[in-house]
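Structure in structure tokens, see below.
Here the chain labels run A, B, C and D in written order, and each chain numbers its own residues starting at 1.
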Amino acid sequence: MPNASKSLLSYGVPALVLVAAIAVFPSLAPNPYILSSGVIVLNWAVLATAWNFVGGFTGYISLGHGALAGLGGYATGLLITKADLPSFVALIAAAVLVAALAVPIGFAALRVRGASFVIVSIALVLILLLVFQSWSSLTGGSRGLVVPRPFPGMLRPEHHRVFFFLYGGLLLIALATWWLLDRSRFGMGLKAIREDEDKAESLGTPTFAYKLTVFVISAAFTALAGGLYALWFGDLDPVFQFSVLTGSYVVLMALLGGVRNLYGPVLGAIVVGIALEYFKVEFGNTPLHLVTTGLLLGLVVMFMPDGVIPSLTTLVQRLRKREDSSIREMSAADLAEQRREREAANS
Amino acid sequence: MRSPARRTTWAVALSATLFLTACGGGDDGGDKATGPIVVGISLPLTGDFSEPGKGVQEGYEAWAKITNDKGGLLGRQIELKILDDQSNADRVVADYEQLIGSDQVDLVVGPFSTRLVVPSARVAQEYGMLFVEPAGAAAEVFNQGFKNLFYAAPAVADDHYNHLAEYLLALPAGQKPTTVAYAAMDDPFAQGTAYGLKKKLEAGGVKTVVDEVYPPNTTDFGSIAAKIAAAKPDMVVGGSQYQDGVNLIVALQQLNYQPKLAAFSTAPTNPEFAKAIGNKTEGILSPTGYSQDAPYASNKEFVEKFKAQFGQAPEEDQANGYTTGQVVGAAVEAAGCAEQGECQQKLIDWLHSNTVETVVGPLKWDATGKPQGAHMIQQWVGDDIKIVLPADAKEADLVYPKPAW
Amino acid sequence: MLVFQSVILGLLLGGLYALLAAGLTLYFGIMRVVMIAHSAFLILAAYLAWWTNERLGIDPLLSLVVTVPLFFGAGVLLQRGLLSRLRPATLTMMSVLITFAIALIIEGLLGYAFSGTQRRIQLGYGTASFDLFGARVAVVKLIAFGLAVVSLAGLYLLMKRTQFGWALRATIQHQDAARLVGIDTERTAGFGFGLGLATAAVGGTALSLDTTIYPSLHWHWIGPLMAIIVVGGLGSVPGAAAAALVLGLAQSLLQIPMGATWAQTVFYVALFATLAVRPQGFFGGRLAQRF
Amino acid sequence: MTLKTVGLRKAFGGVVAIDGADVEFRPGKVNALIGPNGSGKTTFFNCVTGMIKPDEGSVRFGDRDLTGKAPHVIARAGVGRTFQLCRTFPRMTAIENVLAAVRPGGIWHGLRSAHRRSETERAHHWLTRLGIEHLAGAEARNMSWGQQKLLELAGVLMAEPKTILLDEPAGGVNPALLDRIGTLVRELNAEGRTFVIVEHNMDLVMSISDHIVVFDRGRPIAAGPPAEIRADERVLGAYLGV
């Protein structure tokens, strides 16, 4: 089967590169700060990949995944502090909880088509912010929640290294799941929903159940990323956990990298994550970050809805083709060949 | 069909390289013993806390300049490295991570706002650094078990109103306020001030009739004011930052509610305050940790040189930044060192067992880094705000009941 | 007494919600677009009013002379230049993203120009109030309410009585049919957007009279507004207005037992409940099916 | 398995699109549904296939009540359909377009590869049958209108429906393709599939259908074999607006 070699090349090789990069990065990082930036970038990568379960497969855009991550973080923290669960048990339990909560949320958001999903996703961020700020007897409110260290006494650089690998593992699991779905019948149905929901339904795809299922999977991975962040970072504050900005960065990353490709969101996360960190170090933070994010998001949506990287590669390919043809001497046979090709493509 | 696959491969490989190289550029510090002492600070220069953040920044800058003009610390010049944390907790951690791990600064001092102090103090703790901070006044800061943290101000939030509580509880039964309404921002500091007073007054038998907590972004105070006005308490206490205090006072005035006493934290000491509420400031009380007129030795110098440097007199935020500098400076001079490593523990040990003279008076700390003092109480009298408590520092007498606003 | 006071406050607030929700309903009617940036423009208008007062020392209400036409133009540009260029297949999702991006840009620029500090207009009559059957009514709140009512009434008359209003309603109800009877739906849609954004200009000025503003404040408006148009049923302006008054009143009354923060959740509870139980809304509106 | 409706009614606001329609299609035959523009044919299709919920009345397929069921339930019950303006999945290849009609039953089944041998072979079979096998790897959006129409039909057939509803199969296709579609419908019908066709092209309708239902103002006004319908004055009246 030609498919096998294709998928080996397009999925296998990048996977090896990614695994190798994750494996060697901590030993190459010159100082703990760089390592911690690496953890942050991996966190983005997991979030963007988790987001892409919904965004990439079904075409439904969520601006509220930041809230699901925040929920995962708070659930993890609260299960450790209030229920005395061991850190990583709490992490898993939190992901299960958030996935369970995603069912009613998805029910409200996905029952009708169109913008209601986006609206619910934004509303989710705003309402969770309100609730977590106000319910201070449980969440600590604006005072924040301190999540106990999973490895007490571990020095900070070592702590970063451990979490870098944990995040790396989570990313690989998320990618593997995405790949599994992508090639499955379930995934085919989801992609059909993205292309034409009515049509998919008329062919017998239970679109609502499919959308809900994939939303729950996405929520679970997002919650895992958020929970891991809580364990790594240690301090949760509603204002930052339930920020609209988190969701918009994730959307930007996924769209930038390309939502139709397994590695698109990872790529987007690496580019945007590093850029965020770089601009912060070089220029400090100004409200212009918002402006830049907004502009980029607008540009991507208006001109490159398939993602910047896919669009650029198409452009490069087109340019290269043109160069090829101008440099090479054309024979009549070549021209005839080209014409035949074009006709075949048009017929 | 091979080209899309190859494309993806290249793109991933490329980005991985990018990822590795982009992260490769950390610079190391210069000569340790003779070069300048680099002090790393992260401050909210943008975002929710940008206004006080900039105030604290001026305080730090004034401290560096004044100290450097006198020859620096241990004969070394002070160099400030200030990063902006956008009022954001993950930024503040990344900032200190960068300052300590990548920029290899010699000392770090604190950011602004309680909610940023705890995460950043933990970074400092886990790198074994001393952490003196100008803003973490809430009780939470001191029960995290930090051993490296010192709050460079006279009192924590809960103790700000101590002098006022004493005064009120000492009043004869007929005059003593019997009912109080509290409205506090859901912020560890602001709420701490109001609840500190509430706890003491309740213990003294004064009844709480309204107890409202509002989130930091509240802009409409109509209904909270309505509730307070309807309960007609003798006294209203606002646990406020700045704008929320102004808004609440305006909303109360719109309802024509006239309490016998009104106390608000922070807002009334702001220079813009009187104008913001249309000069209807009559009798409003506020605790303050700093006064330009305070008689402490270094304060005169501070006010004078600050005016020369920035063209205006320092406020509390500026004084807090300056005080932090003074505390760190004193520790460095005493320990005779200022770099990462063992020296940090020496600095911490020295501060735990000594008193430091600052522009807000002598400061000493308990084992958790909590300062042992109380705030002065100021009151608006005419067009000016004057110290009225404690008795030994007062510029005017406390007016009670306060005139109508 | 306290209840009565809260009812008054709730109605005054509901008026403003109604005006802003009317704008949001217009956009949705015209293009099935959920305009996330609506409240960002609201805050922008409030900042312009504040700035007018701060810099020029004139009454903030006078800024309307500039902001209303300005926003109208911006609305037309937004529709013609951006939204009408999106592919119809992905219009709903992408238009949300575009308007979301615009909201971010406005918030960022406001933060850059005026910093994140909270601002408030200081008016001579800022604390003035009068007594109404035992409740205190602040003059500024009444002015804001008056502005909202006058604009809503103007909008209503425009929609019902003018040629343009007919064209707009025809475009909303059936774009193809409207085109068949010779209405330039493209142009009408552009003007409709301008009109919607003009409500944000009026609303922002009204808002600036009595509240503190800061760049990220718009998030605290867009949530309730989205809830209002969903509960109202996404169809008609009256539906949105009714939902606005009901929810505004509910928020104000719930503040008595629940406190300010929890009371805000009433909007989101209403939003979720409506979508889960009755997606077509509670106040009529035919468009909700495809929402 | 007879597809029929009883007293079906659907109104949009004040406009009644279907007004108490009782229709019964002949099983195993090619049925046609004709009527002037705006007589409610497409709305009727949408009600039958669950895209729109009817206000009143019922839809029955054999002994199953399909009234108000979700479209995918109706599809799974054995009623397939095409759309008036042909709809394919534009950014999926032809073979994927057909494979999308495979129904996973259960979780494990759903997680299996979408490109399993047996199903891929079946999909290729349908592409070959409809004469577009050479385009199997092409994305639908790059195909011509006629090719997309055939592709849409291939997808519907992949789902193995017992009854197939075609909404204007002749719309916008050239005469050669029209012939092919006509032949295909007859062939597929001969293999035991029931067809219901909404169509304006009277030549096609008269040549391929066994039973014709005429719609006017939201309800059937006549039904019968082509010869009978051709002679019916009411039908002429409906078309001419008399």
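Please note the rule applied: a contact is a pair of C-beta atoms (placed from the backbone, for glycine too) under 8 Å apart; a residue touches a chain by one contact, two chains touch by 3 or more.
Worth saying up front: this structure is predicted, and the values here are computed from it rather than measured.
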Most central chain by CA mean?
A
Using the stated contact rule, I'd like to know whether A-C or B-C comes out ahead in C-beta pair count.
A-C
Need the most distant chain from subunit B, centre defined as the mean of C-alpha atoms.
D
List the centre-to-centre spacing of subunit B and subunit D in whole Å, with centres computed as mean CA coordinates.
72
Rounded to the nearest whole Å, what is the centre-to-centre distance of subunit A and subunit C, using the mean of the C-alpha atoms as each centre?
32
Any idea how many Å lie between the Cα centroids of subunit B and subunit C?
37
Express in whole angstrom the distance between the two chain centres, defined as the mean CA positions of subunit C and subunit D.
45
Multi-chain contact sites of subunit A, meaning residues that touch two or more partners
130, 133-134, 286-287, 289
Multi-chain contact sites of subunit B, meaning residues that touch two or more partners:
46-48, 186, 213, 215
Any idea which subunit A residues touch subunit B in the complex?
2, 6, 9-10, 13-14, 17-18, 21, 25, 28-34, 36-38, 40-41, 130, 133-134, 136, 141-144, 146, 155-157, 159, 233-235, 237, 239-240, 261, 263, 266-267, 270-271, 274, 277-278, 280-281, 284-287, 289, 309, 313, 317
Complex contacts: residues of subunit C adjacent to subunit A
32-34, 36, 82, 85-87, 90, 92-94, 96-98, 100-105, 107-112, 116, 215, 219-220, 222-223, 226-227, 230, 259, 261-262, 264-265, 268, 271-272, 275-276, 279, 288-291
So in the complex, the part of subunit A that touches subunit D is made up of which residues?
3, 180-181, 183-189, 191-192, 195-196, 198-208, 260, 345, 347
Which residues, counting only subunit B, touch subunit A once they are in their complex?
1-9, 11-13, 15-16, 18-20, 22-24, 26, 45-48, 83-86, 88-91, 93-94, 97-98, 100-102, 114-115, 118-119, 122-123, 126-127, 138, 140, 144, 186-188, 213, 215-216
Partner subunit C, residues of subunit B touching it in the complex
46-48, 50-51, 87, 186, 212-215, 217-220, 222-224, 226-227, 229-230, 242-244, 246-247, 250, 253-256, 275-278, 280
